[in-house]
Amino acid sequence: MIAQFEDVIIQTLCRLLIPFIQLFALYVIAHGHHSPGGGFQGGCILGASFILLCVAYDMEEAKRRMSEKLNVIFCCLGVIIFGGIGVVCLILGANYLDYGILHKLLPVNIPEARSLGILGIEIGVGFTVMAAMISIFLNLASSGEHEETLR
Amino acid sequence: MTSSPFPILIVIVPLISAFFIPIIGWWKRNLCYPLVILSLFFCTLFSILTLNAVIQNGTIHYYLGGWHPPWGIEYVVDHLNAFVLAIISFTSFFVAIYSKKSVEQELPDKIVFFYAVYLLLVTGLLGIIATGDMFNLYVFLEIASLAAYALIAIGEDGAPLASFRYVIMGTIGACFYLLGVGYLYIVTGSLNMADLSELLPKLYHSKVVLVAFTFFMVGIALKMALFPLHTWLLDAYTYAPSTVSALIAPTMTKVGAYVMIRVMFTVFKPDFSISLFPITSILGWLAVAAILFGSIMALAQSDLKRMLCFVIVAEIGYIAIGVGIANRMALIGAILHIVNDVFMMACLFLVVGAIVYKTGTRNIYQLRYLHRKLPLTMAIFVIGALSVVGIPPLCGFFSKWYLILGAFEAGKWVFVAVLLVSSLLNAILFFRVIENIYLEPREPSYAHDGGGPEAISIDEAPLSMLIPMFVIGAGIILLGVFSGKIIDVVIQHTIPPTI
Amino acid sequence: MEGVYSISPLLAMLASLIGAFLILFTGEKNRNLREFWTILASVITFSIICSMIPIILNGKIIEYTIVNICPGVYLQFRVDAFGMIFATLASGLWIAVSIYSIGYMRGLKEHAQTRYFFCFAIAIFGAVGAALSANLLTLYMFYEILTISTFPLVAHKESPDAIKAGRKYLAYLLTGAAFVLFSIGLTYYLTGSLDFVAGGFVEGHGSKNLLRLLFFTFMIGFGSKAAIMPIHEWLPSAMIAPSPVSALLHAVAVVKAGVFCCLRVIHYVFGPNVLSDLGVWLILAYFVSFTVIMANIIALTQDNLKRRLAFSTINNLSIIILGAALLSADAIKGSMIHIPFHGFMKITLFLCAGSIYVKTHKESISEMDGIGRQMPFTMGAFTIGALGLTGIPPVCGFISKWFLCLGAIEAKQIIFLCVFLISALLDAAYFFPIIYTAFFKKPVDINPHFDEAPILVVAPIVVTATFSIIFFIFPDAFLNFFKMATMATQNILGIG
Amino acid sequence: MEFIVCKYNYWIYIVLMMIGFYAIIGKKNLVKKLVGMNIFQTALILYFVSTAAKKGATIPIVSHGHGATEHAIHAAQYVNPLPHVLMLTAIVVMVSTFGVALALIIMIYRRYKTLEEDEILKATK
């Protein structure tokens, strides 16, 4: 569906921009737990960087860098990180997602454990949102054929 | 504060397994099925343990992340929850066991994603039931619905369009629900059910609360397919893959009914929902329409699955009529019917799935001689059918019995008549099918040759399908025989004390 | 009255239920074993039930509670004298009919025999359960089991006619069941109880008009099974079924269960006091009197033997209900013993009809010229049964009719006395021509030599016919029907 | 008049919602229906967010570390974050609904080569 033409300006600019976009996305994710931002927004930006890649080059290029399989694994991994942290809290004897208890595992005190726990969650959310963004885009852009390569 | 972790585990186990499945599926595809079975087995185990704990020690509260309500999300499991949780997880467990062969036949190249979405659907359903937070309920409602849209869409020819309609209707329903939540939030500033139920009585005369309540009822009625809002259900459930119908048909609408009871009698107190607002009588009459419409339209169908879809519309009417009558007996009947209906519908849809698996047809008139080919499956079908008709030792009778008693108590004779007429209509409905399956009309001259199509030999459905059907069929009988016990131990605690 | 807690009623039920499933699982492959299960189950059921008779005769009541159904209502068995009459009848005749069925089904090489024997066992399970039930809900449960399990039997032939008859059967009986359910619900709502009490328990609950409504919905409901006149149509149609099934329908289980339920309602739910107070007994009596006369007149016009017997059944059922509705001691006693006595006589007649069919494939009376010479045992038994139903002394039908007439006089209702007598006359008018045709007309075909049906078919007929005579001489022989009926009557009327 | 003007946010959301509702019911094209559905949902978001709006209030974040000078501590000083949070979740839900619906539309298009509902119905008959 995407027109197959190449534009040097766009491609070069994108190549320059994408690393910075991704860096910014990581920053947003990493700062989510104590300032505006978070996994959600960061994940969106991260996803957008790949979408930009698709738009500027073509889908094959994007898929070469981020295969569908990897994408789905990221998607699942994010949720597993999220749920896993909750379950770890559960195993350590606190309530689900009660990160304070993580101080038993990590060499930090309770408030810092809470903070780190949320960071972990944000990372998980970031993964999933990014993967979902890319997956939705690829699906729509390929008018649904993308999923057929997944088997 | 830590308490029994079961309420959260019931939801979290299928959720995490759902996301493990794609990963494991790539490594070894055959592992998906055991993983689903394993996780749902634990889920069922936990929910039964929870039910046991609730029966012994009363309501369980679980605070997510240790945040106390009304700030944090709270999972509350009382008798009603625990019971419905156990039933839903039990059913989805057995439908999952059943799914193996059917999915391999109908969706050979989508097994991995099918199971992932299947578990998500179960997560959504269990989450709806377990949560004690209005907004969390919305989220789970949408998780379940989204999974359902996706699962329905992979069905046969008309499925995508049916699913699309379901998306539109379901989203409107969910949005109405969300609007209701919003209205309640602006007047009370709380989203916690228990908290709301304490804050609301002072505001019962506020118009905002009234509007919120109306939005809730419309939204939930859409989700549970109450009569005029049932149109999405028919196509969607008919065209879905067999396993999917077998899971969604019994559970989704019943969970909707559960939400309705929860909102009407926990969030709002009975004195609001019954006396301040004529919602119960509206519900009652809509239910009457649903029962008659569903039963009569079902008569006109030649597709077995579509016929069952109309039966669901009628069965939802039963639950709504119980809520509409809103006295103790009728509510017992309604809650009992939620459970019974899960079993009956699961049984019937599983059987239909087995028929489709073995013969590839669902047309009632092409089922002839099937009792020779699938004797056990057909026997189970008869059990399910008789239960829907309301033949006593089977569970369908008992909920009807309580509903009738409730209608008598309320002096609503029309409802009694409708309940009785509908059981007659159901009898016509199912005996038409049974007759087509079991009787082998032949020319009178052949009546005594002792023959018949002997060529048709037993060719039963595979064991992985038979066992779940058998368990559910046995469940129908046991639920019926022990309904008094169930009511004593569980259901009578679920009725609000002011009724 | 003293209650005894005993597991026997449950055992009796389980015997027939387990028997049914053994039959099902044995299947067509091993026919002898399957039929062994049938006989075994029937004998065990019967002996367990008989073992309870002495306890009942001691004036005690056997109780067994299984599980609580809803507040105040249990899934419960309570065996009293009246229930015992029906239970012994149903299980006792089951033995006869099973033996006969084996001969009949094998003789005709019928199809789907496993289904047949399975449904038969389930039907008996339902009938015995109905007899032993302690309350209306338990009764309703077994009543429905009986209804459903009889459907495949009625439609057994699977010809278009048979299927139509099956549909008609279901339509009438399930509609009736809906009325029953309505009535049971209303009873529970009015009284909060469903337990049978000799002499009734609705007294003092609800307004008079409501109770009248309740009584009539009950009668419509159970009456559909007892084939009271406007709702009798399914019964003649159901004659399309095999003869043992007709015997089951008419003599043993189905219609008798309907009558049994009617009597339960009349005497154990409402009770004589309430009924005479409400005045409904008279309406019911007129209604069933009409049925008595009409059924007999219609029977006169039937040429198909089984249809004629069917109308005779309708007539007799209404006689039983009429007796019960007269509310006098002798009439009640008469109606109660008419249940087993009519059972024995009618089963004889139906089995005879079946026997003729097995041997000659004849169903119309006009074809039966001189058949008595070919099948003397069968037609001899037929004569005994016919005489009994007419009420002629050496057969037990006389006793019950005698008490019914006494009861009508006791109730000072000469009209109903006339009804009994006219019906007896009409009975004679349509039975005797058959006997005449069978024995005295010249056979059309030229083989009047002795050529009986198989031994398994004839033996039960002879046995039931013999019993019909024994019960005349000793009404209390073996099973103590008469004593039990007397006891039940005394309990209902509160005497002794 | 005051009733309308002072609560203009509610009126806007109602108008938007009805536009969406109209599109869902009235339009035959499936994509237009979907757009209507989205307008419907967006109206809802607007409603929620507008209930939380507060004139002159700031974000509910306690800045720390980097030399912050001002904290919004009292409830009057910051906007209620909860509706925003809820809407964040709701947006995710809605986006997923939208995604699923679009995927369905693609499936439908592939099967029937059209997205007009009446033509599809004609094709299935």
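Which chain is which? They are A, B, C and D, in the order written, and residues in each are numbered from 1.
Simple rule for what comes next: contacts are C-beta pairs under 8 Å (C-beta built on N, C-alpha and C of every residue); 3 or more make two chains touch, one makes a residue touch a chain.
None of these values were measured; they are calculated from a predicted model.
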item	value
Closest chain to the centre of mass proxy, which here is the mean CA position	B
B-D or A-D - the one linked by more C-beta pairs in contact	B-D
Averaged-CA centre spacing for the pair chain D and chain A, given as whole angstrom	24
Between chain D and chain B, distance of the C-alpha-averaged centres to the nearest whole Å	30
Chain centre separation in whole Å, for chain B relative to chain A (CA means)	36
Separation of chain A from chain C, taking each centre as the mean of its C-alpha atoms, in whole Å	77
Shared-contact residues (touching 2 or more other chains) in chain D	96, 103, 107
Pairs of chains, among all present, that meet the touch criterion	A-B, A-D, B-C, B-D
Touch list for chain A against partner chain B, complex	69, 72-73, 75-77, 79-80, 83-84, 86-87, 90, 93-100, 151
Residues on chain D engaged by chain B in the complex (per definition of touch)	21, 24, 30, 33-34, 37, 40-41, 44, 47-48, 51, 82-83, 86, 89-90, 93-94, 96-97, 100-101, 103-105, 107-108, 111, 120, 124
Sites on chain B touched by chain C in the complex	386, 389, 391-393, 397-398, 400-402, 404-405, 407-409, 416-417, 420-421, 423-424, 427-428, 431, 435, 438-444, 447-452, 481-485, 487-488
Residues on chain C engaged by chain B in the complex (per definition of touch)	66-70, 73-75, 108-112, 115, 137, 140-142, 144-145, 148, 151-152, 155, 157-161, 163, 166-167, 170-171, 174-175, 178-179, 181-182, 185-186, 188-189
Sites on chain B touched by chain A in the complex	1-3, 5, 8-9, 12, 15-16, 19-20, 22-23, 26, 62-66, 109
